[in-house]
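Here the structure comes first, spelled out in C-alpha cells, and everything after it is commentary.
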Amino acid sequence: MPLRPEERDAIAAQRTLQATTRRTTVEQLEEVLYEAFPVLDHGFVRVVDYMGSDTAIVQAARVSYGAGTKQSRQDAGLIRYLLRHSHTTPFEMCEIKFHIKLPIFVARQWIRHRTANVNEYSARYSILDNEFYVPAAEHLAAQSTSNRQGRGETLKGQEAKRVLELLRGDAIQAYNHYQEMLNEDINGETLASNRQGLARELARMNLSLNFYTQWYWKVDLHNLLNFLWLRSDDHAQYEIRAYANVMLETLKRWVPLTYEAFADYRIGGANISAKGLEAIRRRLQGENITRRDVGMSQSEWNELNALVGNDHSD
Amino acid sequence: MPLRPEERDAIAAQRTLQATTRRTTVEQLEEVLYEAFPVLDHGFVRVVDYMGSDTAIVQAARVSYGAGTKQSRQDAGLIRYLLRHSHTTPFEMCEIKFHIKLPIFVARQWIRHRTANVNEYSARYSILDNEFYVPAAEHLAAQSTSNRQGRGETLKGQEAKRVLELLRGDAIQAYNHYQEMLNEDINGETLASNRQGLARELARMNLSLNFYTQWYWKVDLHNLLNFLWLRSDDHAQYEIRAYANVMLETLKRWVPLTYEAFADYRIGGANISAKGLEAIRRRLQGENITRRDVGMSQSEWNELNALVGNDHSD
Amino acid sequence: MPLRPEERDAIAAQRTLQATTRRTTVEQLEEVLYEAFPVLDHGFVRVVDYMGSDTAIVQAARVSYGAGTKQSRQDAGLIRYLLRHSHTTPFEMCEIKFHIKLPIFVARQWIRHRTANVNEYSARYSILDNEFYVPAAEHLAAQSTSNRQGRGETLKGQEAKRVLELLRGDAIQAYNHYQEMLNEDINGETLASNRQGLARELARMNLSLNFYTQWYWKVDLHNLLNFLWLRSDDHAQYEIRAYANVMLETLKRWVPLTYEAFADYRIGGANISAKGLEAIRRRLQGENITRRDVGMSQSEWNELNALVGNDHSD
Amino acid sequence: MPLRPEERDAIAAQRTLQATTRRTTVEQLEEVLYEAFPVLDHGFVRVVDYMGSDTAIVQAARVSYGAGTKQSRQDAGLIRYLLRHSHTTPFEMCEIKFHIKLPIFVARQWIRHRTANVNEYSARYSILDNEFYVPAAEHLAAQSTSNRQGRGETLKGQEAKRVLELLRGDAIQAYNHYQEMLNEDINGETLASNRQGLARELARMNLSLNFYTQWYWKVDLHNLLNFLWLRSDDHAQYEIRAYANVMLETLKRWVPLTYEAFADYRIGGANISAKGLEAIRRRLQGENITRRDVGMSQSEWNELNALVGNDHSD
C-alpha cells in the first residue's frame, strides 16, 4: 500500500468529517470519499470532492427542454438519449475532484487533456519523495513488432532481469545524486555544512520520468467521460489505463445511470464510417462484398470485421 | 418578486433537503442555497450547488508547496499572496453553479465568458414566458455625449414616457404575435383548430432582446472572479452589473477570505503602466512633471490622476 | 445580394492585395479569399484569413511520430488514420478566420461553440443596420407533431401569408422605434433637436432576434470540423445549417484530403452502441433477432435500422 | 548550434519557399521565418507560421466598434487602449505557430498554459535523441536562503564541479541504458540479436527530466502575451525565461505596435492594490505614512516600495 502512516492518519481523519448539507449527495460515492485506491506500485486515486449526480444532469437538461416536454421520460432514458445524440452540456453540470499520485511519464500524457483544473506538487519548491515506478514482471513488454505504437510479448529470463536492474539501479542512483546536489535530506536537513546545495528547481532535472508526482485534478463529467473513453482504451498505454480503470469504478458509484449509458455507447460502441455502413448494409442484404467494393483499406476492413464479425470474402 | 407560486413552492421544497456529507461545506452559503435573489424587474440569481471553500484553495496550493513550506502561514495571508502573484490555479479548485434569469441582451454579453458551463432554456423546444425587461425610470439613460460607450443623463418627461411606451408596446405586440404564430398558448393549448402553428424554432425570432431567458451557469472560482471583476466595473452596462453585484454577495458568503483579497487587489486595485509608475516615482521624489515628461496621452494621464490624486501641473 | 456598394468596393480592393510569403499557401482557397458567399436573405460567409493546409497536418503528426516511422505513408492515408482514431491535435495546427453576417438567433446557437475566437459588431457602441431575416416560403415550416424539436410540413395559404406579415411588420416597427428612441438615423444624424436620444446599449433591446449581426469568427480545424459535423446535421435548425453548408465548400477548397476523410468518417459515419454492434453481428450470422434480444428501445432500434437497413422482424 | 546537418538543410529548403498570397503578411517576420534561434545548450525557437498583424487587431476591434466610431484614431492608440482596458478579444484574432526544442522539465511548466495547440514528438513511438541540458556555469545556482522559490548565489569551485559531473554522468548513463533496454540504436538498428528490446513507451521512463523534447506550439496573440508576461518575469525559472526572451524578439518583429503597448502596460507595469493606491495617494499629498496606516503586510509594503521608490518611514 502506497501510504505512509501520517498520510493514512490524515485520510482517516478526513473520513470522519460529517456535515449537513442542502446539496445533492450521492451515498455510494460518499462511502469511499477520500479513500486511496492503489494503482501501480506506488500510485493512488482518491476522490476528494464532487458536485452533482445523475439527477443534476436530468435537471440541467430539463432547463433545456423546459415546460415544453410534458411526458416524464425516465431519467435513464433521457440520459441515454443525451449521450446518444451528443448533447453534452448537461454532463458538464457535474464536477469531480481527484487526488492522484502517478509517475511523471503518465502525468505527461494525462496533462494533454486541457479542459481540467490541476494543482501539481511542485519540485521547484519542495523535495520529491524517493518513489519511482518499476513495472511488474507481467507488464514488462517488448516492443511490438507489428505495431510501432504498442507492446509485444512479455520479456523473459535474463533480458527481463537486466531491464529491472537497470531501471531500479538508475532510479536509485538518480535520487541519491538528487539529494547530494540538494545537500538536503527529505526532511530538509542539511547534509554537509561546507556546501550550499543546488537550487531545487535545478536539482529535480536529474530525476527520471518514472518518479512519482501527485496532483489535484478537477474535471466536469463530460470531459471525464472523454478522458476515460480514450484512456481506458486498448490503444492507451497500460500505465495510464490502470488509472482509468480505477476511476471507472468511482464513476459507477457517482453516476450509475450515466455509467451504464457510457459503457453502451462509448466504451462498447464504435464509430463506423460511411463506407463501413455501406458494407454492413450490403452484407445484411446478402451481398458477398470485398473491401474493394466499398473502397476501404486493408486495415480499415480488418477493424470493421473485428467489430461486426468476420466475413469470408477477403 | 419574479417567481410564480409553483416556482416558489419548488424552491421551498429544495430548501428543506438535508443530507449528511463528508465534503467541505460552507454554512454561510448553505443558508441561502436555492434562494432566488431578485435582479432587475423579472430576473433572479440563485446558487444551486457549490464545491470547495477558502480551505480548499489553501489545500490545493499546499500540494503545490507540499512538505517544503513548513511555516504555517495563515490562510488569509496565503490567499492574498496567491491572488497578488497571479497564482490562479488553486482558485480553480472551487466551483459554483448558479440558476440565472436574465434578459437576452444581457445573456448575449454574459456568454462571451467562454470558460463556464451553460444549459439554457431552449425556445427551440419550449415556449418562452411573457416576461420582458423595461428599465426603471432612473436607469433610462441618454446616450453619453462624451463617450460613445456609455450613458449620459437620465431621460426626463415626455421623452422618457415615450420610450417606455414604445418598449412596452412593442414587447407586448411581439409576444402576442409570437403566440398567434405558434397557435399555442403558454400551456401548449391550441388556439385555432384551422391552423398548424409555426415551428417554435422559427416563431421565437419575433421576440425582442429584452425578453427573459434562463440558464444554469457553472464556473470555477478563478473564472468567476474574472467575470465579476469585469462585469461589476463602472464600464460594464448597468444591467449586467446588477447581476454581478448580487453575485458578489454570494461570493462573500462562500469564500470570505478570497472575497477580501479580491476586493483589495482586483476590484479596488488598478494596473499601472511603466510610464505611470515612472510618473508616480518622480512625483514622490518631489518632481513637478507633466504627462509629456513620461510620454502619456491625455486620457491615460487623466486615468492615472483619477487613481492616485490630481497633480497641479497639467 | 446582401452587400452595399461601399462594401462591395472594400472587398474588391482586398482581393487585389498581393504579397510574397514563405508560408504554406492554398491556391484553391486564395481564389475565393475575402469573397462574400450569400446565405439566407441578407447573410454571408467570407474567409478572410487562414493558416496551414493538409500538409501542415501531416507535418504536425510527423513530429508526433518523428524519426520512428520510416515507411512514407501517403498523406491521405495518414489523415484518414488520424481522423479514424481520434488523434485530433494535428488538426488543431490549422486555423481559419471567417467574417460572417447572420441573424441574432442563429448567432445565439453558434456562440455555444466555445473554442473559437469572436469579435462581434457591437450594438452597444454602434447602430445596427435595418436588416432582418424572413424565411423564404419553402422554409416556413409548421411545428413537427411527432418531434418537439423539429419542423413539420410547410405552412400554406392564409397561415403562411399571415406569418410573413407579422414577422415583417413587427421587425419594421421595431426598427422604426429603435431609431426614434435613439433619435438618430443610421448615419448618426440627430432626428429631433428637442430630444436627447436613448443610450444605444438600451435602445438595441427593442430589436427582435431575426435582426442581422456580424462577427469575425476564428477557429482551428479540429473545432471547425466539430462545428460543421453538428451544424450540418439534419437535427440542426435549417438556418444554421445553411451557414454550415456554405462553410463546407470552403473547407473542401482549403483541406481537400481532410474534407474527404471527414465526409466518410463523420458526416456519413455513425456511432453504433455496444448493443447495436451485437445486433449487427448476430444478424450477419443469420440470426433473426428483435430489439428485445439486445435490449434496445424502439427509437434506438429505428435509428439503427435507418443506418444499416431494415430488418423484417420487428 | 543545436542543429544537425540534415536539419539545417531542411530549414534552408523551407526558407527558399515563395508563394503569392492575398493574406496579410509581415515582412519583418517573414525574414526570420523557419530560422532556428538557439536557446540553452541544445534548444531552439522557430516561427513556422503566423496569421494576422497589428492591422488585423485594429480591423477586428473595428467590427466591435463598427460604423459608430468615425474619428480615425491612430492604430497605435487603439491598440494601447485595447490593452489598457483588457479588451482582449481583438488580440485573439492573430495566431502564431512555433517549433520549439526544450528540456522536458521546461516542457512540464510550459504545458500548464492550456489555451494553446500542441503536437509533441512522441517517445512512445520514436527514439529520443541523446541530448540533455546541463546548466552553464553562471546558471548553476544554489537554493535561495530567503526564498523557497528561487535561486541564490552561483555555486563555485568543487561543489559546482561535482554537480556538473553528476548531471552529465547520470544523463549519459541513463541514455546508454535506454538504448540497451530498447536494444536499438538511434537509427533503429538492433543491437543484440538474442534480445527482444523493451517497448519504447516503457524504456523512455529511464530518461531524466533534462533530456530534450520538441513540439509544435500554436497560440493566439492574447494567450501568447499572457505566457510571455508570466514567463519573462523575474519569478519564472531561468530556463523557461530564456525561451520567453527569444520569443519576445519574434513578437517585436510580428506586431511591433502591440509589442510596445505590451512592454509599457504588462512587462513594465504593475498591479497596485486598493491599499497600495491609498498609500500612494497619501504620500503624494505629503503624508508620512507607514505600512500599518494602510494595513499592508511587510512583504506587500516592500513590493510597493520596489515599484514606486522607497519611503523613509518604515
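For the reader, a short list of remarks on this structure follows.
Letters are used for the chains, namely A, B, C and D, taken in the order the chains are written, and counting of residues starts over at 1 for each.
By our rule, contacts are C-beta pairs under 8 Å (C-beta built on N, C-alpha and C of every residue); 3 or more make two chains touch, one makes a residue touch a chain.
Here the structure is a predicted model, which is why all the values come from computation and not from measurement.
Comparing the chain pairs A-D and B-D, the larger number of C-beta pairs in contact belongs to A-D. Mostly identical positions are employed by subunit B and subunit C in their mutual contact, as over half of the interface residue numbers are shared between these two copies. The mean-CA centres of subunit C and subunit D are about 35 angstrom from one another, to the nearest whole unit. Per-chain CA centroids place subunit A at a distance of 29 Å from subunit D. Centre-to-centre separation of subunit B and subunit D, using mean CA positions: 33 Å. Within subunit B, contacts with two or more other chains are made by residues 65, 68-69, 89, 112, 118, 125, 148, 200. If you check the complex, the residues on subunit B that touch subunit A are 14-15, 17-25, 30, 33-34, 49-52, 56, 60-61, 63-70, 89-90, 92-93, 95, 97, 99, 117-122, 125-127, 186, 188, 200, 214-216, 218, 220.
Within the complex, the subunit B residues that touch subunit D are 65, 68-69, 77, 80, 84-86, 89, 112, 148, 230, 235, 263-265, 267-277, 280-281, 283-285, 297, 300, 303, 307-309, 311. Of all residues in subunit D, those touching subunit A in their complex are 103-105, 108, 111-112, 114-115, 118, 124-125, 133, 135, 140-144, 148-153, 155, 159, 162-163, 166-167, 170, 173-174, 177, 180-182, 195-202, 204-210, 237.
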